[in-house]
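Two complexes follow with chain A in common, the first pairing it with chain B and the second with chain C.
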Partner chain A sequence: MELAVRQEDADVLLKEKNVLNESVLDKYRTGGQIVQTGLKYIISLINESYHLASSNGQPISVQELCILGDSFLINLLSKVYTNQVREKGIASPTTIEVNELANGFSPELDDEGSFFFTAGDIVTISLGVQIDGYTSQVSHTLVIYPPGIEINNEIKPEGPLLGSKADAICASHIATETLVGLLGLALTPEKLPEQIKNEGGIHGSTIRNIVDSIAESYSCIVLPGSKVRRVRRFLAGQSEGIVAERDFKGVVWDESHQEERLLKKAPTSQELILADNKVKPTSTNNSTAIPTDEFIVLPGEVYQIDIRMSSIADFNEVGLITLEEIDQFSGKNNRQEFNSKSTIHIRDFAINHQLKLRTSRKLLTEIDKNFSVYPFKLSYTSNHFPINLDKDIPEQVENIKQDLKTFKLGLSELNNRHLIKSRPIQLTKFIPLEQILISSNPTGKHGIDLNKPVLPGMEIPLPQLGISSLKLKSLLNKHGKSVPNVRESTTVIINNVSNGEIIRLTGGSKSSSPSWVHSQYQLKGAYVESINQIGQLLQDKRFGIKVKECYPFKLNKDKSVETMQLD
Partner chain B sequence: MASKNSINKPKNKINSASHAKSLAKKRAARSKILPNTRSSIGRYADKAVTAVRPTDSKAIALYTGESPAPISKMTKNTLSNKRAKKIARNQKYVDQRKQAENKEEDASMEIETKEQLEERQTNLDKVKTLLWSVIEQNARGEYKSSADGEGTTLGIQAF
Partner chain C sequence: MFTCNTCGLNFPGAEDQRSHMKSEWHRYNLKRRVAQLPPIDEHLFNTKVANLSVEDEKETPVKGEKQMTKKEQRRREKEAIQEKKRQILGVAKQAMIAKMKEQGQELPVKQVVTEQVEQTETPEQTETEKIEPEELTEEQQEQKIIEEKESNRIEITPTTCLFSHPKYNKVFDTVDENIDHMFKNFGLYIPEKTYLVDKEGLIGYLGEKISYGFCIACNYQGRNAEAAREHMKQKRHMRIPYESEDEKLEISQFYDFSSTYEDTSKSVEGDDNGDEWEDVSDEGEGEGDLENEGDSEDDLPPSEQDAIYQNGLDLILPSGTVLGHRSLARYYRQNLTPERVLSEGQGTVIAAETRHMLAIRDRQELATKKRAWGRQKKREDVNDRRAAKFINQQEHYRDQLLQ
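Right, the complex of A and B next:
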């Protein structure tokens, strides 16, 4: 459904408000700083609870980390732009994903069972903040080490993480850093490496090829859902799979690219098959919502780099890596698989309905008023949210738990009437190619999994093989194997307003330096020289690419210590 | 049924019916005597008496305007479901037997060449063969990437 908006208004909203100027940059920067501080805060909580703490006492669970992170962000947001902007808030709730969890895992306080980390886990923290619709998001994967040793009066990890997880961390870190540099070169195209210059500017395909070659050299796969996309005001990919975004600009990876990669590996010639692969819908009503690689990165744009990688070094067989949605029922079988309820919801403004229950009407009003087009968790609606970190935390946590009960019923009515959509929790799964090939698929590629959030034009995961998402899901049920995944995400502004620099709003060395890992692989492939050149340009302060990172606020040391005494 | 002298006898209806009947009788008698006119039978009908004109259509399947010829025989025997199935089944066996006989005759047929096989393959088949060859190559260890050089180290020794 489309909303009727006058062309003049649409131009103001989509074009004028997205032109960079000092006030817009300041909103972005403030948001970036808050995100950086939030990320640092959560990392410090994890470090103190798991790495530096003495063994007695229970560590902080994922539930508590999520709510503390969100509260921290809200507290910081309340101090900036008071009464100056209409909307500000959390753009993506704090999610903390361990190993194979890929998306949307942010358990509520009343979730059954607490989730803790163990040594050797890789933990992905993602969060985001918007001020007046200008959004900055971050994701960072860190390693949980076994108890450290004392060196020079400091506790340090004994050795780096090795193995396939380390490969994925290396690959995604290098890919992200390279892309930051590459996007920065849009300001100074004369500094582009020869190879990319010959391609005529920074195309979407350049970005894809570079990331693919990095993944290949670390025997990794770029996960479906990874993307490098343009961010506009209120359009930061928060409702992908729910609302189609017109004029989408960005590179998106999905299963079909893995299929293509495998076909290219085949020894015999395959031009015939790959030729008719490119038939994509072009004349639909919202064709600009379908992502293509045919675009050029321009100065003055804001990009979100969101790269997820999984290593396939542990598998001897050829296969694909895909995402599996879990719901609160699918894991409840004799196999005792991981199971949790999805907790992140987003309002679908295209739908109206007269609700029956008073609680649900109240909840809907609250949602419309406070969260607008951004996702939220039920605990945000509680009167006791955000948690005041200076007061008694366990008591506030109990109060929030009580509040959750009253809104649960309303939430389910909103969900049933499709007024809100829940973001599914996704797992990374490896599926052997052999199993896909030997399975019978009489119905072909007809059938779309409505629960799977995909961008328009990407509904069929394996178009060449004619495997629909439903078929893939049923195959995953039997043959899927969990794989840990790594996610590095950062928001950058290609700033052409003042002295031409790239502003890195989130991530980078100020908040998310990589964990200590060692991979047995090295960078190789067709793009290795270009990647090394970009790396050198990033190091070169005078003649290279100017990257300005957002500094986090100073953390109050006592605060994080106090949150330690949670139980 | 209302009696002969009944007050609410549907007189009009009965009268008009008998009137129509007598008219139809007359019409039928007349049409038996009179020869067909040009327009009384469709030009393309089987019984058409009009001369073939150069502008007439020569199409094979043409709407003639005629209803199919009535089957003269009237039967009260109905075909039971069971018998219908049996007939269909027997027909299937007959067809199979005929096919088998034909095949025996063609025993000297050539074996399909590789090119013919490729021609017959759909795009999906081709994709599948390619992917199978990838699996085979992998089983032979041709895609195995080995550790190279010193590897890569990220980060520092700190939490």
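Right, the complex of A and C next:
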């Protein structure tokens, strides 16, 4: 690698700048407020368009929702910290994923076909902003209801959502809330539930066990890609899979954890496990980049809780859930059930290359200048980009479409030279364990799917069964079944600066109250007591965990969404 | 009426006039007239002629005896010069003796002795030693001239007009009045008046120059101040020469141009050095070399400091363009990629990046591996050599290509 940063500078950038103080907290809080407002704005758009059906004719498509959300965020960002910070912007482009879509779905305006929601869909909205590198991100899953009935001059849904989707929503909501409380207890370890206190502080394994137990009691699976990770300045997981981040601290779920769980259940687990005679390499020095559960949550850190869940109650067989990438070049998956090209790109700064095309050089300078180290969409480079909501929107949309054409060519060269990497669109797929076991696997676990962004040390999805990611991908062709997923994500600061409290930058009841769903399951398992205890502490205003949520700005057309209560 | 204007005579008739015109006397007067001299009367002319004829008579026998050869002529001329010199020397000696006597000193004995020796010496010897007195006399002559000048010198104060004859007595109260007078009447222009700091000194210096009989413009050397003045008036040399470097330097002591130097040096510093210093302060410590350079630049004399060559290798044009020296062309010609300046975000990501560390291996492990490879290679080489040794001892021919 050509680039390097001096050790002193690295210490400043990685350590000193991450120490919480008033100005840092203020940047986080402002970012959080903008994210909250953006989330509220998109939810209100969906409500207006689908639930209240106020816009006669065609509802707003996903493309439009994405660009409107991004424009809204940019407009808000332009009003804060003007000339005070060098870098601010969108940390993760607005993505709107329906049902089985898991990642990176944020169609460009010129995408073939438009995407609409139907009643009964679960829609995940994700977005994030950064101010001076201090990043706050959010994801929230809401339910699209059929046209509601009017009660007391208010349109309300006829009833709650039932079934496997509801289970996943419940589980992920409870898991997120519990984790917020649990992280808050890092400030006051004396209030920790006995069970966790006996483990000696909040470990990574504590977090994993709690989330796993919640998921299990709702017959859900924590999806690969879920994580509870520490966020640092400019390091908020935006370039996971590209940059192997030093001192990674966090719990990450992937297929291997599902595998482990399944093998534990099997009575003849030893026969299935692949004999691994190879000595694992101990010589490499990047062990800190490989996530492990052996860490303790400390006050003064910022965490991103990002939980994705899918219910497996509908499947009668044992299996695991994995993510399938949409082909990067054709924009299709194997069964032609979904067509869309990846639209979110991120610059890999470690790579430098003299480009041939003038358009690509121009695009690269634009990217280096404007988007810092965060992912971007091609439409952001347009001159007409932040759509002015007061003016004629269709005309502006047309202008952006025209601008996109010029940069498309440049983008492909950047992609071919690996200067930028596209974030793939992923689908959640269920694959029966039986199919994995009966398939022949002559190559063993050799072979890594380079298109799949994975954290270091997680290149092989099923290490014990010896299944490589390429093998798993080929198995998905025949046996994969789509499964809807739910994602709840929030950024929290364990604030130790002033009167110890946990600041919830994004999510929570202020911007995204959970949809009205009903699950047939109840909490059970080893951690029930602890979870209940944390829930009580969160309710207790005086002696419990102090949670401060970021309020969104007031929207102009603030039409409150119908209250949907959780079971 | 018949007259002769040359001689101032009247004649009763034309015959008389014609005869006069043919006379030697008239011819002589005519020559005098050409020389702008007044005519002389006949009597005076006759006496003059009589005197000359006497001299002629004295000389003529010699001439008549023998035609003078060129060699002799030269010798005579030489002798005449020597005689003259001797006379001057004698005068000078006497003056010296007189002076010394006045001061109550005695002549050094040695000198007297040498004089006596000289006197007693044979003429041949004097001939050989002629050079010595000649040299001496040159110095003496110079001294004498100076003395003469000194004696001729008249004091000209700075308030006195430099060019007017003393009889007009043009003396003013102030130097400025004097300068004004000289400007109006004689057109004396004083160059660079704004930077002139010592007016009195300048006028005094010019006055002194004139008092010694020099022209201020062309350094013509007159006998005395009056001669110089006359010369200046005639030639319109009533000006201060201010063109060549020497002329400027001659009167430079009365001027002060330091204010202009400061201006230029300041502007130079403001334009270039100022930036340099800024850079130095920006980059903090560890720029000792640059600082030293700056110091040495300051030490340079002002004339070099404001020169366009800043460090001897580049030429800075007034437009700000810097022309590099040819000897450094190879450095200017190189095409370096511009240095990438990372933003904070990029820097953070690069600092947190561990991909490049994947290449780092355990040294010990690598060393053992290398040893193993080395051993294997050596063994292969040995086998190859052994096989090559026996290649010709095979019983049956085998085509290598078909193996």
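Rule of thumb we're sticking to: the second predicted complex is superposed on the first by the 525 of 567 C-alpha atoms of A that agree within 3 Å, B and C clash if a C-alpha of one lies under 4 Å from a C-alpha of the other, contacts with A are read in each partner's own complex, and residues count from 1 in each chain.
Following the convention adopted for this analysis, a contact is a pair of C-beta atoms (placed from the backbone, for glycine too) under 8 Å apart; a residue touches a chain by one contact, two chains touch by 3 or more.
In this text, all values refer to a predicted model and were calculated from it rather than measured experimentally.
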Check your understanding: Which partner does A:434 contact after superposing on A: first (chain B), second (chain C), both, neither?
Key -> first
Exercise for review: Would you check which partner chain A:266 touches, where first means chain B only, second means chain C only, and both and neither mean what they say?
Suggested key: first
Check your understanding: Of the partners chain B and chain C, which touch A:10 in the superposed model: first, second, both, neither?
Key -> second
Exercise for review: Give one of first, second, both or neither to describe whether A:148 is in contact with chain B, with chain C, with both, or with none.
Suggested key: first
Point to revise | More chain A residues in contact - chain B or chain C | key: B
**Study point:** Contacts of A:518 with chain B and chain C, given as first, second, both or neither
**Key:** first
Exercise for review: Please work out whether A:235 is in contact with chain B alone, chain C alone, both, or neither, and reply first, second, both or neither.
Suggested key: second
Review point. Of the partners chain B and chain C, which touch A:288 in the superposed model: first, second, both, neither?
Key: second
Exercise for review: Could you look at A:351 and tell me whether it touches chain B, chain C, both or neither (first, second, both, neither)?
Suggested key: neither
Review point. What does chain A use to touch chain C in their complex?
Key: 1, 3-5, 9-10, 13-14, 17, 86-87, 132-133, 232-235, 239, 243-247, 282-286, 288-289, 349-350, 352, 372-374, 456
**Study point:** Touching residues (chain side chain C, partner chain A) in the complex
**Key:** 340, 342-358, 360-362, 365
Revision key, fill the gap. Note: in the complex, chain B contacts chain A through residues 123-124, 126-128, 130-135, 137-138, 143, 145, 147-159
Revision key, fill the gap. So, in the complex, the side of chain A touching chain B is made of residues 47, 51-52, 145, 148, 151, 154-157, 160, 169-170, 173-174, 218-219, 262-263, 265-268, 270, 272-273, 276, 313, 316-318, 433-434, 437, 464-466, 513-524
